[in-house]
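The data blocks that follow each hold one structure.
Paired with subunit B in one complex and with subunit C in the other, subunit A is shared by the two complexes that follow.
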Partner chain A sequence: MRKVSLDKLDLLFSAISGAGTLYIPVDTEAGSKYEKWESGKTLSNALNTVRSAKDFFFPQTENLMDFKMEGKSIEVIDTRSECEDFVIFGVRACDVKSFEVLDRVFLADPVDSYYKNRRDHAVIVSMACTKPRETCFCGTFGIDAANPDGDVVCYKTDDMLYMDAKTEKGAKLLEKLASVTEESDDTAVNEQKKVIAERLAKLPLAELSAEAFGSGKTSVFFDAPEWKELSESCLGCGTCTFVCPTCQCYDIKDFNTGHGVKRFRCWDSCMYSEFTKMSAGQPRLTQLERFRQRFMHKLVYYPTNNDGLFSCVGCGRCLEKCPIQMNIVKVMKKLGGSIK
Partner chain B sequence: MQEIKREILISKASEMLNSGAVDRVLGWKKGEFDYDITPAIFRTADELEKEFVWNDFCGANFSKYLVKETGKSENKILVFLKPCDTYSFNQLLTEHRFDREKVYAVGVSCDGMLDAGRIKAAADGISAVHEDGDKVIVDTLYDGSLTLDRTAVLPDRCVNCKSKKHVAYDELLGSDGDVIDSARFDEVEKIEKMTPDERFAFWQNELSRCIRCNACRDVCPACTCEKCVFDNPNSGVENKAAANSFEEKMFHVIRAFHVAGRCTDCGECSRVCPQHIPLHLLNRKFIKDIDNFYGEYQAGAEVGSCAPIVNYTTEDLEPGEAVERGDGNA
Partner chain C sequence: MIDMKEPLIPVVGVVTDIRIDTPDVKTFRVVTPDGKKAFEHKPGQCAMLSIPGVGEAMFSITSSPTNTEFMEFSIKKCGCVTEWLHSMEVGQQITIRGPYGNAFPVDTEFAGHDMLFIAGGIGLAPLRSVINYCRHYRDRYGKIDIVYGSRSMQDLVDYQEIINEWAKDTGVNVHLTIDREQPEWDGHVGFVPNYVKELGFSTDKIAILCGPPIMIKFTLAGLQELGFDKTQVYTTMELRMKCGIGKCGRCNIGSKYVCKDGPVFRCDQIDELPDEY
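What follows is the complex of A and B.
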């Protein structure tokens, strides 16, 4: 384990950015967000960023390819630029877990090469959560905020940042940082893990259980009468899906620029009325069906297709941002409680 | 702190449900935390007793829900409306968006609704929020209790409240107030005074954060089109996500134009924006210009009023004049 004094974070960041473009969470007037580090930019004290870290691998919009027409011939132009190595610093345990959820979608056959390109070039430096919020419930999905995954895991105490490599990629990064860090035992880190564990156990949502849900439960919940009440005041906006670290639906469209055609991909939302519209029409006619889709996907369909893994990581962003304060916790409590 | 107590609202709603005068109540339902409140339909007095809440976090404006709700049933629904909500209510009636006969409107006096986001920004982990006069006491998970000034955690729409007067109701709980000569256009004036480049940069910066979740549109009581042009794949302008920063501007500017003269300045767009974009300032610019060019006009102040910009008169000023009177900044 390595350590560095918090007043030398600028030196540390400078050293990391030597290994690849560094992104850190910084404070802005609209909350915390990831920004490219440059000297003078300081680490946010917020628990997490408003938008999730999925943006690094699955950006809101991306140009997939261009087409150029001349006469009767169409030239297909690959618009991809080779991705350079980059480091994401300060990713919380929930968001690190979200990468596994996304990987199972984008890296499954056929591999999404755009996504893979970015994944391959990223080093994840995670950070344990010393002050989880009332909206946090990662523990419900077996995630431990005191022991995040990642290539390197960090622990921040009052005066020190401790760093431990968890993968080969992480070990390589720490080697490069040897001149600005020093060797440390794990006493302080173990002490902090204990404090975090106690705090996690006392969180208001600590008792929330996902036991009722999971693989193969479609018929149990699909026609539950509770969906009506739960979805009744849903506005049908896409906030929950866009701040969610695991929502991964997208749309692909062609855009005529006047000089050719651009094919781009953008986030889509199951909450939207035109989502997955087909030639036969819209399969989910009312907001109840769209709302149900989102939560069934997180709690039942995804686990069914992915060895029981839930596609919610309990980050709490939907609890923070839903305009009408309806969210997965309320859905789970209402539905889970009705199953004997 | 609200003047009217929760029990008074519950008692009124229960009485109306029990007598059969209404069969549903549109109200606020308590959630996991003190600030966590969801608009909900209550059908029994028992549900009201258990889950109805009325406190400083009941910011949601219910007027727009009436469009859908009144279409669902022949029976009456009771709705609680704060003063600013009543303007939206009237505006929707003016646009014939719901049947007035199917609604029993109960006006509730309002002392301003707190912005949970501002409280969360001040506290790491909240276990409870309560009030003591003009102070807000926040019990935190790690740092004991924090005392905040109520005015510091009010959103702009409440700091610059335009009216404590209910312009529509069947029955009023609490006292009625007056239209307020607020400072709501001060921020607009600041932006008007910018150079065109500065102003462009200001909005570029604000709108660059937009994630096109459409929450502003979906909550807006002036946005009640059955099918929004931006949701229509055949319109050619459907953009679920902006391909560049110009598209974000297009969406917001077109929306502001579309609601101009109909926007009552309820402020819901800014309340729900997950990216804290001050969207209400775009609408206020239109309101200010309408006041300036055609005489003071408040959308929703009366049912049936004709907004100046849809009411041509030969005295209307010419576009060129409008630019001049706007000091070149119109």
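What follows is the complex of A and C.
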């Protein structure tokens, strides 16, 4: 394990950015967000970024390819280019786990090369949480906020940052940082993990269990009468899917520039009626079906297709952002009776 | 440039022939610019066709894999992309990617069986691929019955091929029907589900259904009345799709994605899916 004094973070960031473009969470007027680090930019103290970290691998919009059109002819232009190496610093345990959820979609055969390109070039430096808050429930999905995954894991105490490599990629990065960090034992980190574990146990959602849900439970929940009441006030605004680190539905749209066509991929949302609308009909007629789809996907369909892994990481963003205060926790409580 | 193959990047296809089938259905013949098939497929599989700037949409491949020269798509005019396709002239280039989805189990479950094909309207498009596959490998299958109905005589897709080729094959029986009487029509009049019951097939067959949802529902019920089990009946489904590879998230019925787990389902498997299609 390596350590560096918190007042030397600027030196650390400078050293990391030698290994690849560095992104850190910084405080802005719009809350905490990832920005490219440059000298003078300091690490945000917020628990988490307003938007999730999924943008790094699955950006909100991206150009997939171009087309040249001439008369009756079409030329397909492959616009993909090799991504530069980059480092994401300070990713929380929940968001690190979300990468695994996304991987199982985008890296499943046939592999999405746009996603894989970015994933291959990224080093994830995660950050253990010290002050989890009342909207956090990552523990429900087996995530330990005090002990995240990642290539390098960081633990922040009052005056020190401790760094531990978890993967080969991470070890390589730490080697490059040898001149700005020093060797350390794990006493302070172990001590801190204990304190955080106690804090986590006291969170209001600490007892929330997902046990009732999971693989193969479609028939148990699909026709539940509770969906009506739960979905009644849903505005279909899609905010939950926008801030969600694991929501990965997308649309493909063309834009005619006047001298060619650019094909884009954009985030889409199962909360929108257009999402499934066909000229031949609409399988999800009302907001009830759309609302049900989102939660059934996270709690039942995705686990069914992915060895029981849930497609929620308990980051709590939807709890904070939903304009009508409806969220997955309420759905789980209502349907699963799942407060132990 | 990235060296890796990307499933979302299509290849260019050239439309070399356009056949007007019905007032709203045209069949397009597609090859690559060097005159080959864009890719090989199995009966029941689909492809994404696109006009850049207009959109991309999923269509069943109506030609049989045994056709070594070209692929065909029978397409009904009903939305933005299909309207554009209908306005095309021969020589127009489009883009094509695929094949997508599973296929009818023509070489396993279907082998050695009598086959009963039942289609309504444009529902013949995905079945034509299987029918012509079975006709090509005629000795691998028993008797073939084809029940096909449409609104009117003019709305029967592939009418010339049905009359001039299918109906003339030995061991192939074609039963056509139209919804309402027409002066120039001396064949059967009535809806497909009723016609199937009237014809009263023996239950030692594999049945394949494709057509509007309401037709599938009533025909399946009719087949069950005749004694068919749902495990003998196959159908092919359609939902909105963008990627075709189980990632964009919109064509699922429960945990199954129609684009990759389907489009072909056995009717007992459909019973296991939630009622949302």
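Structure notes:
Definition applied: the second predicted complex is superposed on the first by the 336 of 340 C-alpha atoms of A that agree within 3 Å, B and C clash if a C-alpha of one lies under 4 Å from a C-alpha of the other, contacts with A are read in each partner's own complex, and residues count from 1 in each chain.
Methods note: a contact is a pair of C-beta atoms (placed from the backbone, for glycine too) under 8 Å apart; a residue touches a chain by one contact, two chains touch by 3 or more.
Given the structure is predicted, the values throughout are model-derived calculations rather than measurements.
Placing subunit B and subunit C on a common subunit A by superposition gives a fit, with no clash between them. Once the two complexes are overlaid on the shared chain, A:Arg104 sits clear of subunit B and of subunit C alike.
By the touch criterion defined above, A:Met65 reaches subunit C but does not reach subunit B. Shared-chain residue A:Lys8: touches no atom of subunit B or subunit C.
After superposing the two complexes on chain A, the angle subtended at the C-alpha centre of subunit A by the centres of subunit B and subunit C comes to 90 degrees, rounded to the nearest 10.
In the superposed model, A:Lys169 lies in contact with neither subunit B nor subunit C. Applying the stated contact rule after C-alpha superposition, one finds that A:Lys277 touches each of subunit B and subunit C. Of the two partner chains placed around the shared chain by superposition, subunit B and subunit C are both touched by A:Asp268. Contacts of A:Asp78 after superposition on the shared chain: subunit C is touched, whereas subunit B is not. By the touch criterion stated above, A:Lys193 is placed in contact with neither subunit B nor subunit C. When the shared chain is aligned, no partner comes close enough to touch A:Lys41: not subunit B, not subunit C. For the pair subunit B and subunit C, the least inter-chain C-alpha distance in the overlaid model is 8 Å.
On subunit A, the surface patch touched by subunit B in one complex and by subunit C in the other comprises residues 251, 268, 277.
By the touch rule above, subunit C contacts subunit A in their complex via residues 1-2, 4-12, 52-56, 78-79, 82, 89, 91-95, 213, 238-240, 242-243, 245-255, 274, 276-277. Those residues of subunit A lying in contact with subunit C across their complex are 64-65, 67, 69, 72-76, 78, 80-82, 105-106, 108, 110-114, 116-117, 218-219, 222-223, 248-252, 254, 256, 261, 263, 265, 268, 270, 275-281, 283-284, 289, 293, 296-297, 300-302, 304-305.
Contacts from subunit A toward subunit B in the complex involve residues 29-31, 47, 50-51, 60-61, 131-135, 199, 202-205, 229, 232-233, 235-239, 241-243, 251, 255, 262, 264, 266-269, 272-274, 277, 319-321, 323-326, 329-330.
Subunit B makes touch with subunit A in their complex at residues 31-33, 36-41, 60, 65, 120-121, 124-127, 141-142, 209, 211-215, 217-219, 227, 231-233, 238-243, 271-272, 274-277.
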